[in-house]
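Shared between the two complexes below is chain A, which has chain B as its partner in the first and chain C in the second.
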Partner chain A sequence: MIIEALEVVFLFVTALMIAYLIRHYIFTLTVLRKAKKAKVDVVVNAKYEPTVSILIPARNEEKVIGRLLQRIAELTYPHDKLQVIVIDDASSDSTGRIADEYSSKYAFIEVLHRENSNGGRGKASAMNAGFKCATGEIVLCFDADYYPQKVIVEKLTKEFADPHVGAVQGRVVVLNEPQNMVTRLVALERIGGYRVDQEARDDLGLIAQFGGTVGGFRRSVLASLRGWDESILAEDTDLTFRVYLAGYKVRYVVDAECYEEAVDNWKAYRQQRYRWARGHMQCCFKHSLKVLKSKNLRAKEKVDGLLLLNVYFMPLVVLLSFIIGIPLIFFESSKLVGALWFSVPISFYSFVGNFAPFFEVGIGAYLDGRTRTQWLIPLLIFTFFYNIPICAKAFLDLLVSKIKRKDRSIWVKTSHLGNGNCYIVN
Partner chain B sequence: MKFESSRLVLGLFLEAIVLCLITSFRFINIESTVTLLIFNLLFLSLTFQLNGALNRKLGMLALGNIIGLFWNFLLYFFAIAGVMFFGEIFNVFYAVFYPLLNFMWIVSFWSLSLSVLPNPKSMHTEVKP
Partner chain C sequence: MIPNLTSMIIILIVATPILILILFLPALLELKKPKDRGPRMIMESIPEVKTRTVHVIHIANIEKEQKFDSSLIQTMTKIIEVLPNLEV
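Let's turn to the complex of A and B:
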């Protein structure tokens, strides 16, 4: 009786894993098919030049904020249509002073200083404070450690010419990739997510995701959604689903590149992934039912949305399948279990976050022209194992907080040391 | 990037026939056949769509299969030796970890084979590679 029950659970979890693998296999094929088509140069609609507000939340970012503001000053978008708001979120270093220097030099750069009494409550809180001061028709966001292309505003805003588009997302590329093994692996993860996953979802008309930075919103849509939800740690995923549920689309622009300084040690990696995992799980609890009931989403969007919302549960599902599978093999249960046992190790070679399997990451790296980086793909297994306890802790903490009815989300900020500066081509 | 679906289907069928033959001769077990089929499916449907001469891709595919078979033989002999030393309990250990060990060569060979093919140029112009 117990064996039969375990078999049913095993069949369910492996079916889930296979569903994810098939999903990402389709994504990979889609991107490959697209890459084969002749490249057409993107013609930017010169007539569509809305006013744009750029929000830059910054808390203790003195090592990187100057680099970003210098690049903002070099943007090709007409400066008279730009409003840049740096939100100095109760910084204790010279972030505010550096921002003030740029503000005195460039009229379109403004600085919003937040004191300890109202600042330091996380990114969503800082963004809402900045949004109150934003006047542009389009609101874009960049994290302080990012370094955008000069033409990025044109590339991102052109999508808003379509009135059904509520939000847009550009591509994130790791700036400090050669720094060490952690940054190289994070770069691979980003390739899987942004070169293949996001592009395929956009191409297939599924749920393209707003990633919290290198993207933005139509101001009217963001206002109707009442800005960022400060109680959610993955405020980007939360907004993505709120945009879709409100009947708008998110578009992904693969050639709108922005370079980020990735975490460069395992502790920072753990803290960042914990925040993402817990935030994503919060979104899963908040939106799953709404996604199922929504009349604004098509069936394929609902399926993709649910898979996306549950993605941080996958390491736990894989672990569960492994734990259940061992006694089933020990007691020599049905042949089907033996056959499905093969789907478990494929999942081990996947990146958590978008559940990008090794073949998806490999194709993304190939299309990006990263020969050497491809050789690190077998190491995905270690990052997957590392993510299992992270996701388990995030889930347990969230569960406890739900039971206690005290979902106290503490934002642990990733510190940036400016290690990516030396990789910028001047 | 030339890609002909008829070649892909033909290749898959040929692979399936060869692998079934090998299995029927008891050279490798059914699990190994499944692993090789997964490798061939991924290689034919994904790698064959990338840049590079067809001959080179076919060569890589053949090499992958040879490595896969060799790897499976090694694991098989390892299992026999393990059962002799540790008894029947080793079979359970082998059954649990066998798929994991089997995928090690697939992922490694896959990532290496991609770098043998001519890569498209990097898109990123504003950062050092």
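Let's turn to the complex of A and C:
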């Protein structure tokens, strides 16, 4: 009886993993098929040139904020239609002073200083403060460690000519990739996520995700949604689903590219992924039922939305499959499993995890012309297993906080050291 | 219980290191002597902006710049074409 029960659970978790496996393979094939088509020139309608506000939240970013603001000054978008708001979020270093220097040089750059009394409460809080000062029709966001293309504003804003578009997202490229093994593996993950996963979701009309930076919103939509939810750690995912539930779409613009400085040690990696995992799980609890019941989402968007919301539970599903699957190897199989002989290869997939994301990374690297970096893909198995305890802790912490009704999520900021400067080619 | 458990364990002990070596050898070689080109170059230049009602920005062909092997991709996509249309 117990064995049969374990087998049913095992087959259920295997079915879940197969759902993600199929999803990832569909994405990979979609992008491959698109790569075959001739590259289409970007058409920009000069009649559509809205006013744009760029929000840059910055807390103790003295090593990178100057680099970004210098780049902002070089943007090709008409400066008389640009408003840049640097939110100095209770910084204790020279971030505020550096931002003030650029503000004094360039009229379209403003600085909002927050003190300890009202600042330092996380990115969402800083963004809401900045949003109150924003006047542009489009509101874009860049993190302080980012380094965008000069034409990125044109590329992002052109999508808003479609009135159904509520938000956009550009592509993130890791700048300090060669620094060490951590940065190289993070870069691989980014390649899979942005070159294949996001692009396929956009092409298939699924849930393209706003990633919190290198993207933005139609100001009226953001205002109707009342800005960022400060109680959610993954405020970007939360906004993504709120945009879709409100009847708008998020567009992914693969050629709107921006460099980022990736985490360069395993502790920072763990903290960042913990924040993403816990925040994503918060969004899952908040939006799953709404997604199912929404009349603004098509069936395929609902399916993809649910898979996206639950993606950070997958490492826990893999862990469960290990815990159940290994003992089942040693027990005599029941008639149930005997009839389902195909569970053997499925069990193998479950044991080693879901390989489909690795195919995404491989194809993404190939499409980028980075065949040599594909040699590092087997190392992603370690990050995959490293994410299991991270997601498990995030889930347990979230459960405890829900039970205690004290969901006070603490934002642990990623430190940026400006390590990518040596790789910038002008 | 699975028969010949002892032999199975012996096979695992012998085969596992070999499999691990095969799996990770390329990665170790790349880490030891990196030959990857490094961060992807993001596009900067706008060669031409025409002042007409519809402006066209010609983006340089990244794939050609990086000697992208389009023939191999075409072969793979020809194989994919026989699959059902995956777009809903």
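Following the convention adopted for this analysis, the second predicted complex is superposed on the first by the 403 of 426 C-alpha atoms of A that agree within 3 Å, B and C clash if a C-alpha of one lies under 4 Å from a C-alpha of the other, contacts with A are read in each partner's own complex, and residues count from 1 in each chain.
Here is the rule we go by: contacts are C-beta pairs under 8 Å (C-beta built on N, C-alpha and C of every residue); 3 or more make two chains touch, one makes a residue touch a chain.
From a predicted model like this one, the values you see are computed outputs, not experimental measurements.
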{"item": "Clash or fit, chain B versus chain C on superposed chain A", "value": "clash"}
{"item": "First, second, both or neither for A:2, with chain B first and chain C second", "value": "neither"}
{"item": "Which of chain B and chain C A:35 touches, first, second, both or neither", "value": "both"}
{"item": "Contacts of A:378 with chain B and chain C, given as first, second, both or neither", "value": "both"}
{"item": "Touching partner for A:326 - first (chain B), second (chain C), both, neither", "value": "first"}
{"item": "Chain B versus chain C as contact partner of A:26, first or second or both or neither", "value": "second"}
{"item": "Partner chain in contact with A:403 - chain B first, chain C second, else both or neither", "value": "neither"}
{"item": "Partner chain in contact with A:289 - chain B first, chain C second, else both or neither", "value": "neither"}
{"item": "Partner chain(s) touched by A:358 [first = chain B, second = chain C, both, neither]", "value": "first"}
{"item": "Partner chain(s) touched by A:173 [first = chain B, second = chain C, both, neither]", "value": "both"}
{"item": "Chain A residues contacted in one complex by chain B, in the other by chain C", "value": "29, 32-33, 35-36, 149, 173, 175, 177-178, 255, 257, 259, 329-330, 367-370, 372, 375-378, 423, 425"}
{"item": "Chain A-facing residues of chain B, complex", "value": "1, 3, 31, 34-35, 38, 42, 45-46, 49-50, 92, 95-96, 99-100, 102-104, 107-108, 110-112, 114-115, 117, 119-129"}
{"item": "Touching residues (chain side chain C, partner chain A) in the complex", "value": "1-2, 23-24, 26-27, 29-31, 34-44, 46, 51-59, 61-63, 66-68, 73-74, 76-77, 80-81, 83, 86-88"}
{"item": "Interface residues, chain A side, partner chain C - complex", "value": "26, 29-30, 32-33, 35-36, 39, 41-47, 76, 149-151, 154, 173-178, 181, 184, 187, 203-205, 255, 257-259, 300, 329-330, 332, 367-370, 372-373, 375-379, 420, 423, 425"}
{"item": "Touching residues (chain side chain A, partner chain B) in the complex", "value": "28-29, 32-33, 35-36, 147, 149, 173, 175, 177-178, 255, 257, 259, 325-326, 329-330, 338-339, 341-342, 344-346, 348-349, 358-359, 362-363, 365-372, 374-378, 380-381, 423-425"}
